Amino acid sequence: MSAAAAPARTSPVERGGIPVAGPRERAGDRLFRLTVTGFAGVILLAAFALAWQLTRGSLQTWKAFGFSFLTRTVWDPVSNDFGALPFLYGTVVSSLIALLIAVPLGVGSAVFLAELAPRRVSDAVSFAVELLAAVPSVILGLMGIFVLVPAVRACEPFLSKWLGFLPLFRGAPYGIGLLSAGLILALMILPYITSIAREVLLTVPRPLKEGMYALGATRWEMVRSVSLPYARSGIVGAAFLALGRALGETMAVTMVIGNTPQISASLFNPAYSMASVIANELAEAAGDKHLSALIAIGLVLFGVTIVVNGAARLLIYKTEGRK
Amino acid sequence: MNDAAYARRKRVNALMLGLTAVCAALSAGVLFAILGYIAWKGASSLSLSFLTNLPKPVGESGGGIANSIVGSAKVVGLAGLMGIPVGVLAGVYLTEYGKGSRFAFLVRYAADVMNGVPSIVIGLFAYALVVMPLKRFSALSGSVALALIMIPIVLRNTEEFLRLVPGTIREAALALGIPRWKVVLFVILPTAGRGIMTGALLALSRVAGETAPLVFTAFGNRFWNQGWLNPIATLPLTLYNDAISPYEDWHRQAWAAALILMMFVLAINLTARLWLRPSAPAH
Amino acid sequence: MNPIMDTNPIPPVPSVPAAPAAPLLPSAPPRVEARASAVVLSVRDLKAGYAGGARVLKGVSMEVREKAVTAIIGPSGCGKSTMIRCLNRLHESLPGAYCEGEISLGGRNVLDWDPVLLRREVGMVFQRPNPFPTMSIFENVASGLTLNGERDRAKIAERVETSLRRAALWDEVKDKLSSPGVGLSGGQQQRLCIARALAVEPRILLMDEPCSALDPIATGRIEELLLEIKDQLTVVIVTHNMQQAARVSEYTAFMLMGELVEFDRTQQLFTKPSDKRTEDYITGRFG
């Protein structure tokens, strides 16, 4: 009489066996499977726990200030009066400056590496640019303090002379401030933009490019009208990813931004970022409310980066999925 | 054919492409400039006593980073012990057992989220998880933070290299009557072994340079580090504290520490690249 | 006479080979003499496929005779690979695949066995040589033993040598047993995989187009070793090469679109096929 076989499960050994040594194998497989599943579950657990801890720790602040926490500008640990706007401002502005510099530079490099350079040169230069991403943030901050800031301080008078009609470039040349922070962030996110943009540009289908050449276009014209538009969403995705990194960057920014919670139009002025205030004040937080306010800032940072990174992933997969 | 217009287009072409070359040269050049500068500033302060001495009080010269080097090794080592197995085994789960299941999708999504979370926020989590209950800064809390940073990196890397193992290898092993778990552990994992180990090394080197989450977990220490439940010095932390201090002597030490850290990171990255290249998917 | 069920659609096997008629195939006539032997594996009404997809096997029944080579031929997509992958239950290890029916080995339905134990009785060699990349030649051949807990070094070494000899590879590799398995040529790698499968001492060896990735010389060597090892174990070989089937097998099954069309002694099938579809296939009218 034929016995119907059960539909296949992930482990074929889960069916019954001959009594000879059967159960031993089954147990081994089950144990292994449960173990690896458990380890995978740890990750899920950690993510939930992270969100939970951040929410719980910041509850006090939300109760005390509500959403206005995000729009208030005072930050006074002594009288327990907190507002996150200066930090939001510092983070956002420095990141935007970084994007403004790094995106053109990065896309330009990517075009060179994907279209122009011979394979070996392209690989070598890409490797060098990726190594830049491996440089620890604190080392870049060190370069920031002793090399970048003095340089910026020297340039600021010229900037205010020529571009001083814009409120962005007025004020005393401190050196440390939003401009330096933006510059150092640009350096940190440049490798991400370059390498993703390069990958995305390499997926542009050859027939499309050849079609353009067949019409007599120069190489630049081909890049401008075929490659870049095709890679557009991938490049925007790369920019989002870089933004996500810039928003959360701590050490290098802390060392050059000036750590002063103020909002000012001028890029020359010191400011403060969300990540920096947490790094600077958490270890010696004066009391529960202060701690809670810092964790609240952490929660905001967490939420913002999730949204930005999510958008980035969508855009990048959209392009690479068209291969 | 309008020759003048074509000539202009050719000029524009040359200009734009030249600009892109400049961009690439700048980007790569910056790296070398940084490396060169660190080497120049740091080399003069480097000496054997620097590597073996403890930090000295303000005003006294001859301080060193011995405790920071040992501290880094401890914190990163423990982080690796915690993070690498989780990342590798979770990667095994995702490739071997979790195909298409909802749980696997959630795990992968959670790992992606953790990957994108700024390290300072991970540090906040470790603070709430370990520092607050224990009411002290500790090496353990620092390691927990670093392990959490490592896990998504190791996971993604493991998955990628496990996927590269051809299905026919797995079938051949199963066809010999080897139980599934042995096939995964003794045939598939070793086959992907080189790639997985390289990824683990790179993850270790990445967290070795992390400072932000350690500022309020490991906290730093100017003396020898005791055990796991006390504040501990790590190289990047010491670098940071020295750099922002007002003392010239400490600044010099910061450069030397930067040189050591940079050499370590470079060595690992170059080794990983070279080691991995021969086994890149060429079959 | 062999006991054959009355409901068996397989034509009865004569005990004395008939005088060979003029072969329909112009190439080398079958050089294998069919000997009647016991049935070692019996397949009844085997159905297999993938969840949500078409059925690949639509009720196949056949018998595999002991210590003989049975070939399964048929055009691409006829289900012959699926067929033998059901025999060692490898088919089920794919997500969504299923396998129903009766496959009797030693009196018990294989579909009730622990698949791991079954595969130690029924070994398999694949289309592309697949030695384990991280292991040496010795370790590859021994892997079926060592990974199943065998600790006796002497026994392992002896088994490795025996298997390599049976696979006609011993002389070529005996001086470099510790070099990587993947360092051998394609034909050598396949013989290594055969040795690896033989080391477990299975009762039946399944071969899924083992020569299709090899050059003619390597193919010839494997066919030669098949003729030798079949004295000790049963071989079922899937092949898309009819001449190969004619050369090495005593029994041949012809499959078409998931069904077993004809099963007979090789000599008979290639000279006087009973089904028109078989005749069309072997004379090259399609497929």
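In order of appearance the chains are A, B and C, and numbering begins at 1 in each one.
Keep this in mind: a residue touches a chain if its C-beta (ideal position, glycine included) is under 8 Å from a C-beta of that chain, and two chains touch if they have at least 3 such contacts.
Keep in mind that what you see is a predicted model, and the values were worked out from it rather than measured.
**Q** Skim through the chains and flag the pair connected by the most C-beta pairs in contact.
**A** Max contact pairs: A-B.
**Q** In terms of Cα-based centroids, which chain occupies the most central position?
**A** Here the chain at the core of the arrangement is B.
**Q** Let me have the rounded angstrom distance from the C-alpha centre of chain B over to the C-alpha centre of chain C, please.
**A** 50
**Q** Could you grab the centroid distance between chain A and chain C? Build each centroid from C-alpha atoms only and quote it in angstrom.
**A** Using C-alpha averages as centres, the distance is 56 Å.
**Q** Averaging only over C-alpha atoms, locate the centres of chain A and chain B and give their separation in whole Å.
**A** 16
**Q** Two-or-more-chain contact residues of chain C, please, as numbers and ranges.
**A** Residues 93, 95, 116-117 of chain C each touch two or more of the other chains.
**Q** Please output the residue numbers of chain A that touch at least 2 other chains, ranges allowed.
**A** As it turns out, chain A has residues touching two or more other chains at 10, 12-13, 25.
**Q** For chain B, give me the residues that contact two or more of the other chains.
**A** Those would be 99, 179-180, 182.
**Q** Which residues of chain B touch chain C once you look at their complex with the stated criterion?
**A** Interface residues on the chain B side: 99-100, 166, 168-169, 171-180, 182-183, 186-187, 190-191, 193.
**Q** Give every residue of chain B touching chain A within the complex, in rising order.
**A** Checking each residue of chain B against chain A gives 9-10, 12-13, 16-17, 19-24, 26-28, 30-32, 34, 37-38, 41, 85-86, 89-90, 92-94, 96-99, 103-104, 106-107, 110-114, 116-122, 124-125, 127-129, 137, 148, 151-152, 155, 179-182, 184-185, 205-206, 208-212, 215-216, 219, 236, 239-240, 243-244, 251, 254-255, 258, 261-262, 265-266, 269, 273.
**Q** Please give the residue numbers of chain C that touch chain B in the complex, ascending.
**A** That would be residues 88, 90, 93, 95, 116-121, 123-124, 126, 128, 130, 132-134, 143-144, 147-148, 193, 196-197, 200 of chain C.
**Q** Can you list the residues on chain A that touch chain B in the complex?
**A** Those residues of chain A that touch chain B are 10-13, 25, 28-29, 31-33, 35-37, 39-44, 46-50, 53-54, 57, 104-106, 108-109, 111-113, 116-117, 125, 127-129, 131-132, 134-143, 145-147, 187, 190-191, 194, 218-221, 223-224, 244, 247-251, 255, 275, 278-279, 282-283, 294-295, 298, 301-302, 305-306, 309, 313.
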